[in-house]
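Next up, some structures in structure tokens.
There are two complexes below, and they share subunit A, which is joined by subunit B in the first and by subunit C in the second.
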Partner chain A sequence: MDLSHIFNSKKILRVSFYAVLFSLLSFSANSQEHATADTAHEPATAEHGEVAEKDEDISKVILHHIADSHEWHFFGNISIPLPVILLTDKGLVTFLSNKFGHNDHGTEIIDVAGTQLVNYHGKFYYPSKVKSADGTYISYDAKGELLNGKPLDVSMTKNVVSLLISAIVLLIVFIGIANSYKKREGKAPKGLQSILEPVILFVRDDIAKPQLGHKYKGFMPYLLTIFFFVWLNNLMGLVPFFPGGANLSGNIAVTMMLALCTFVLTTVNGNKNYWGHVFTPHVPWWLYPLIIPVEIIGLFTKPIALMIRLFANITAGHILVLSLISLIFILKSVFVAGVAIPFVLFISVIELVVGFIQAFIFTILSALFISMAIEEKYAEH
Partner chain B sequence: MIVGSIAGIGAGLAAIGAGIGIGSIGGKALEGMARQPEAASQIQTTMLIAAAFVEAVALFAEVIAFLGTGQVN
Partner chain C sequence: MILLALNPLVSPDPGLFIWSTVTFLILFFLLSKFAWKPIVKALDERERSIEDALSKAEMAKAEMAKLISENEDLLKEARLERDSILKEAKEIKDQIVNDAKDLAKSEGAKLIEKAKIEITNQKLAAMAEIKNQVSSLSIEIAEKVLRKQFEDQGKQQALVNDLLKEVKLN
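After this line comes the complex of A and B, so read on.
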């Protein structure tokens, strides 16, 4: 990977200089407008109260942005409603998420075909019998735990739709490529094929072959799938508008399923040598009670580490970008934007690299764990 | 006023450890690559794997910090 020619060009410096300049200019103009509007209309006290409230909510806003939701938000009040599917104690309940408005403060009971529900912070609960002091149908016990029951939520949320979109994209692209390989066998690649062939060869030559040796062929479909799935979703998570923005690989359930696939593959393919290392390790027999539990825990920590690594990396990146933008609101000065926005750009570019590296790491560690399971006994140590 | 929790300090401490770890991995890898440029790609791959293991520890700490602040359910 020789990237030096990108960083050498003087163009970058000039462009980034203008970017900083323009962001400063536009934001300072904006702030003046805002200041004049302020003095003309609103009394200052009301504005201050609102700002102070916002300050405490910033971490909530950030976590809301990286979380899953029942609608796909665009900007302002425009969003795509997604179907809500709930398994309540009275049976299946389905409705579109915007059917009962956008009240998610738990102050309004919605009645769906005889089932009473209340929407509280984007999640559906059964309402409590009496209204609490703060006007919601949500009640807490003394420890601050929610008392309300919750139906099983199997909705098509934003993450589910995003997962389906990326699955469809991957299927279209890779079935197309596979067909053109069949059609144009032995000839030079063409179109999409020539863009993705180096990446596929990279997975084969730098990930599969060094780890798995001559047995790499059987695991190539899995490794390619997982590599492109993680990479595509990391990149889609960085796109702030419609087809992206769902933070799919920053959802621990998704990474758990991916890690579970690797775990199943290792466990199923584990040979005598692999299980021998677990249940009859090469240590004196009186160490067995100590070593065997450690080895068994080791079987599970590997996929768990895989799960947490991807989840935490992507989540950390998103939180970082959102916190830098929030700095403008925390410090209550638009001039911070001149520093914050270029920094956000910089972090976003790093996140592009991180998205690739995490896909690479996930794939290479999967290959490593599989190779541990299938390696033959070669020498007694 | 800046509000935080003690879990944040823990995450920061873990980040120091991971920083030292990744720094030494990167430094040693650079040394190795300078000594044997023909092995650069192999060293790079191994370096990334090792860095991922070290980084995972810092990320565990970060996840625990989140749980500690009680903002991820």
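After this line comes the complex of A and C, so read on.
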């Protein structure tokens, strides 16, 4: 592929980043698995049980920090309640998340305008008819799957608020820049304009132009939007306090939406040549039954890879930082901070780079997929 | 899919998916219309104007060089012309001087000739005058001498005798 010239220089750097990140991630994932296995197998032993419980708490805390939430937690008991919006089978239900207390163990039925709900681990379910043995209104089947029904949750969660904040920031910044371009027509850039102009030019000259050639202009708005959206959210996710810390670009629903946008764009823009490659590939006809399914799967693996790459990278970074900080609590010594904090700092700095690189990779791959879809017929190979 | 369902991290939340799709699409349309379009246009225009300016500067430079070489040519030509004019002038001057000299010489020669002729004429005239004077003087003198001589009759006789003697000899 003609990608090599772009990646050659950055490849080694990227690969080494990945190696470090994934090895560390798999390490922490392994230890987590180990911890949960411990709790599953040896809950009876008292001292083991205590350690295991602690470990499980830590991994719960980490997952809680990464996951979405109905409130924006600051510290201690201080948090902003966010509106909950549920499309239940009885109609729309809205309330502030702190209206019914903070019980998320599923032991308390809440009644909102005639709709019975139960909050279980931050999610709202319809309660079971009878209380289970553990005191919750949640019931499982034999395979361990939840039986409770669930209303469609379109609440303004932490991620949604963060999403709106980032959208507003992007709008203010870039419309402001656009205005200063209009105001200072033909003059040298100034202030914010001069900070972001190189980045815009980077997207144009190093992402759009090499991939899309002379057709780059039509796709510039999409590529710029996606680049700055991913980048800003990556950076906001690294800020540990409001308005950051929401792990939006590490949420699979968001990366799925972004990947889907690229997928829709490639599919809509796909020309005869592109679909020809899928349905009439340049192979002997008797290979068609093998190649055509592969090509069709290939259509979907590209966006799925996009989705998982961004999600895994950003989530991995967050897990790493949280795990390193949790070391202080796991080892129950404040002196661990002397080791953990420099490590956290180191990883955070890497994450700053990763935030940019992932935005770059997402954008360049989107551009590449689009270019594959709009590529004119070239010489047979 | 079972794996997806197991971990809450990797199960996409439909609510967030809806929110993010709507927000992203609105963001995309607003940004494309109000931000990217003017920004990309302004960048393109500025680049074009810079390129224009550069090519214009290049052209101006070429023009300048051309002008300079033209000027130099002109200067050279002018210098050559000046030299040739000077040369011509010198020639003309020399000629004039020579002509003048020749003229002066010939004129001088003519004058001298005239003067000589005049001088000769004058000389001749003077000579003639002198001759006349001398002859009249000598006649006077001769008259006086003769008068003195011939106051004495004897002497007149002697002379006549002498003259007669001479005639006889011849």
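Criterion: the second predicted complex is superposed on the first by the 327 of 381 C-alpha atoms of A that agree within 3 Å, B and C clash if a C-alpha of one lies under 4 Å from a C-alpha of the other, contacts with A are read in each partner's own complex, and residues count from 1 in each chain.
Heads up, the rule we're going with is that contacts are C-beta pairs under 8 Å (C-beta built on N, C-alpha and C of every residue); 3 or more make two chains touch, one makes a residue touch a chain.
What you see is a predicted model; the values in this text were computed from it and never measured.
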Check the residue A:Ile177 against both partner chains and state whether it touches subunit B (first), subunit C (second), both, or neither.
second
Using the superposition described at the top, determine whether subunit B or subunit C touches more residues of subunit A.
C
Kindly classify A:Arg204 by the partners it touches after superposition: subunit B alone (first), subunit C alone (second), both, or neither?
second
Is A:Ala167 contacted by the first partner subunit B, the second partner subunit C, both or neither?
second
Looking at the overlay, what does A:Glu108 touch: subunit B (first), subunit C (second), both, or neither?
neither
With both complexes overlaid on chain A, does A:Ala305 touch subunit B (first), subunit C (second), both or neither?
first
Contact-wise, after the overlay, does A:Ala316 reach subunit B, subunit C, both or neither (first, second, both, neither)?
first
Now for A:Glu71: first (subunit B), second (subunit C), both, or neither, which partner does it touch?
neither
Tell me which partner A:Phe360 touches in the superposition: subunit B (first), subunit C (second), both or neither.
first
Considering only touches as defined above, state whether A:Met257 meets subunit B (first), subunit C (second), both or neither.
second
Which residues of subunit A are in contact with subunit B in one complex and with subunit C in the other?
63, 311
Residue positions on subunit C within touch of subunit A in the complex are 5, 8-21, 23-24, 26-28, 30-32, 34-40, 42-43, 45-46, 49
Would you pull the subunit A residues touching subunit C in the complex into a rising list?
63, 66-68, 85, 145, 152-157, 159-160, 163-164, 167, 170-171, 174-175, 177-178, 181-182, 185-186, 197, 200-201, 204, 217, 220-222, 224-225, 229, 248, 251-254, 256-258, 260-261, 311, 315
Which residues of subunit A touch subunit B once you look at their complex with the stated criterion?
59-60, 63, 206, 210, 305, 308-309, 311-313, 316, 357, 360-361, 364-365, 368
Interface with subunit A, subunit B side, in the complex: residues 41-42, 45, 48-49, 52, 55-56, 59-60, 62-63, 71-72
